[in-house]
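These notes concern the structure reproduced below.
Think of it as A, B and C in the order they're written, each chain with its own count starting at 1.
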Amino acid sequence: MDYVAQQAMNALSFGAEYALLALGLAIVFSIMGLVNFAHGEIIAVGGYTMVAMAALALSNPLIVIGAAVLAAVAGSMLLERVAFRPVRYADPTTGLLTAFGVSIVLQNLFLLLVSPRPIAVTSLYFLDWPVDLGAIRVSSLQLFEALTTAVVIVALMLFLRRTVLGLAMRAASLDFEMVRLSGIRANRVFAMAFAISGLLAGIACVFIMARRGSVDPHLGFDPVLKAFVACVVGGFGSLPGAVLGGFLLGAVEVAMLVMLPQSLGGMTDAFVFGIIAMVLIWRPDGILSPPVEKGDKI
Amino acid sequence: MLNVTDLRVYHGPIEAVHGITFQVKPGQCVSLLGPNGAGKTSTLSAITGIARATGTIAFDGTDMGGLPVEARMRRGLAISPEGRRVFANLTVSENLRLGAAMRPEGQAERIARWFDTFPILGERRDQQAGTLSGGEQQMLAIARALMSEPRILLLDEPSLGLAPRIVAQIFAMIETLRQQGMTILLVEQNATQALRLSDYAYLLNNGRIVAEGTAGTLGQSDALMAELTGIG
Amino acid sequence: MTLSRAQRRGIVGAALLALILIAIGLAATWFGSRYQLRLVYGAYVNLLVVLALQVFMGNARVTNLSHSAFMGIGAYAAAICVTPEKIKAISLPDAPWGLNAFALDPVSSALIALVLTGLVAWLVGVFIVRLTGIGATIVSLAVLVIVHGLFLYRTDIFKGNQAFFGIPQLFNLTWVVGLAVLVVFITRGFRESRWGVALRASADDEVGAAAMGVDIHRLRLMAWVLSGVLLAVAGIAYAYYLGTISARPFYFNHVFLTLAMLILGGMRTVTGAVLGTFLISFGLEWVRWLETGPVVLGIDLPEALGLSGIVLGGVIVLTMALRPGGLMGDREIEDLILK
């Protein structure tokens, strides 16, 4: 029983992280149909910022975390301005391929300008200590992660319901042109979407760094792949779908880790993908895919 | 208030409107009439900046050419577009709140006033706009447009697809707006109703203005009626 | 059989491309060093991949990310069949199902590889063609990861990231040029065939196509399986030349590289596939030379590892921003010459 509770906690924290990552992707996709593969590199930007903080002998955790998150937000908004604006109104394939290209460029920029080797980031190790909850032992990091994700989701919901820009973003997912016709500046909506996406990436980065303890140019590859899968399963473009997909993916991964015999250990990724593929065949547009209606009754 | 000179509108390489000139004076209700495909909606799209166009579109004396869509609307335009295009995944209240984006002050009172004028919208205030009936969506679209307190209201085919009783309601609403002094540019296929409301009207066909005049003169012209209805 | 005007032009276009391919091959054979010969061979193998990619992506307008996996299936299938038992006894000591106890001649091995890959392509394709654009892309991504996972995991069959060696090196440049010419005719032929035309016309409008009686799923499946078989050809050409293969080349890096080639040239035409492949193959070599920090005009340039990646990514981004249809857009080579 305790073992189950333990694994449930694992699934929760995995799921929380994937949900965070998936939300970052889903926000951008829901508004402009762009699958932002460069999202992983934003996480790496956060990681390298932490390295820079360490190099500047700034070890105060608040500064390190704050700087990483800020860098992620700024980096994300910069990407939008520079790389994605030309393909803003293009079809999804063009956007997807552009994002691929941006991702490769960034990965190689890290390689070229910083280092091809992993660099240690130790300032966040303190966040990870064992905590006993009754009979089960979990890591404090898992608790932080689950809690933070919950707070983030609530904050996001409030933003999307209470603020004009949030309403505009929701409306834009169905009819961007009409949002512009209501006098709301497209640039602002896009900038805000990428800012939120960057914020989510930055927060995820903090947890990833606390766990991994190092950053390398290809750090972003795995997270963005997971985020991608989570979004797809949940229904690409749907925000609740992204959260659902994230937790589902976390659960499946933990289940695979637990259930697969030792010998098949290396195949976890492949099995996970296999299950995802099967979900897609059952529900090709994802489980909670967003509506396509445009609000006209003709 | 609105002076359009030699407007040509393009959809890709195709020229849909071939150089039309018209104007809307402050406080007037002007109609653009004509059959399907005449270029009426294209004209509105050009004014809002959605469609590519050449010619001069002057609002309050300043040429709007080169201004992006949002900037034009912020000058005091508002539109209830073809097909209503209410924000289907937002509630009625949220639609109105978005409409007020350009004029956030005092929006609560204005929204309350709309719910008074249209109790049905008030009843459905927390319902998703996509679930409303056609007539309700049209009311919402016009209310949303007016939330920004525009100088000129562009209405694109407000009667399209609606039952006659609802159409009457919508046009009564437009008449009230007109009496309150709102400047309106109305695009309509329903010529009779439109002429009843308008001070002046232009008849479009195949991208050109083929006739214009006060509502009275146009309404009495047999040739015009033939043009509009295809009979006689 | 009467050919339509487009089909006649297609033959002309394919012939022109064939001439260019043969010319490059001859130039390399006569003037190229051994290193350059390898480089050109690699370019031709990539050309086979990019042409296979064009068959599906260019006609069905769906992004496919699994192509390197199918190339790998073809390569491994042929390699396992053709490698002599003596060598397999050493390299695959634990191979199941007696895979290390037989060896076939190259032709049979190639045929088996083609059939096997075609079969796998068909199985996967049946599901993929029913999905919408993004959904199909994602499942293709899943296929890539799964196949790669299989290669890595079943080292008793595939040897994972270690080199599977001992494949008889049967091919030389002439072979691959010949194959490339053949595949150019095949891809061009499909593009102008009634299936290709119908597929392209309905790629953007499923409902409209269905209303006209076009079975878009069947057409997509055709393109997908053809693509898979051609990828197997590329894999065989790869294995039969290098003599050793491993799982690493059949994963993301190769996917990006070949995708960039198709995008740059223009995915809608066969000419685009050819143009993009050679531009990037040769261009990248030049950038890689720059990466080593050579001495240019007396200036000692610094090492710049990662430059090639930046250039590749930059090519994709710039092409998408400035010329999404690629350099050739919708024009085939004969459109430049004939009227």
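To be clear about the criterion, contacts are C-beta pairs under 8 Å (C-beta built on N, C-alpha and C of every residue); 3 or more make two chains touch, one makes a residue touch a chain.
Chain-to-protein mapping (UniProt): A, C = Branched-chain amino acid ABC transporter permease; B = ABC transporter ATP-binding protein.
The structure displayed is predicted, hence computed values, not measured ones.
Q: Most remote chain relative to chain A, going by C-alpha centroids?
A: Of all chains, B has its centre farthest from that of chain A.
Q: Just to be sure I understand: the centre of a chain is the mean of its C-alpha atoms, right? Then which chain's centre is nearest the mean of all of them?
A: Going by the distance between chain centres and the overall C-alpha centre, it is A.
Q: I'd like the Å distance between the centres of chain A and chain B, where a centre is the mean of that chain's Cα atoms.
A: Roughly 42 Å, centre to centre.
Q: Report the inter-centroid distance (CA atoms only) between chain A and chain C in whole Å.
A: 32
Q: Report, in whole Å, the distance between the mean C-alpha point of chain B and the mean C-alpha point of chain C.
A: 54
Q: Write out the stretch or stretches of chain A touching chain B in their complex.
A: Its residues touching chain B are 161, 164, 167-168, 170-171, 173-175, 177-186, 290-291, 293-298.
Q: In the complex of these two chains, what residues of chain B are touching chain A?
A: Result: residues 48, 50, 68-70, 73-74, 78-79, 81, 83-90, 94, 97-99, 101-102, 104, 129-130, 133-134, 137, 144, 148, 160-161 of chain B touch chain A.
Q: Give the list of chain C residues in touch with chain A in this complex.
A: Where chain C meets chain A, its residues are 61, 63, 127, 130-135, 137-139, 141-143, 145-146, 148-150, 152-153, 252, 256, 259-260, 263, 304-310, 312-317, 320-322, 324.
Q: Report the residues of chain A in contact with chain C in the complex, numbered from low to high.
A: 35, 83, 86-87, 90, 92-98, 100-112, 116, 217, 221, 225, 228-229, 232, 236, 264, 266-267, 269-270, 273-274, 276-277, 280-281, 284-286
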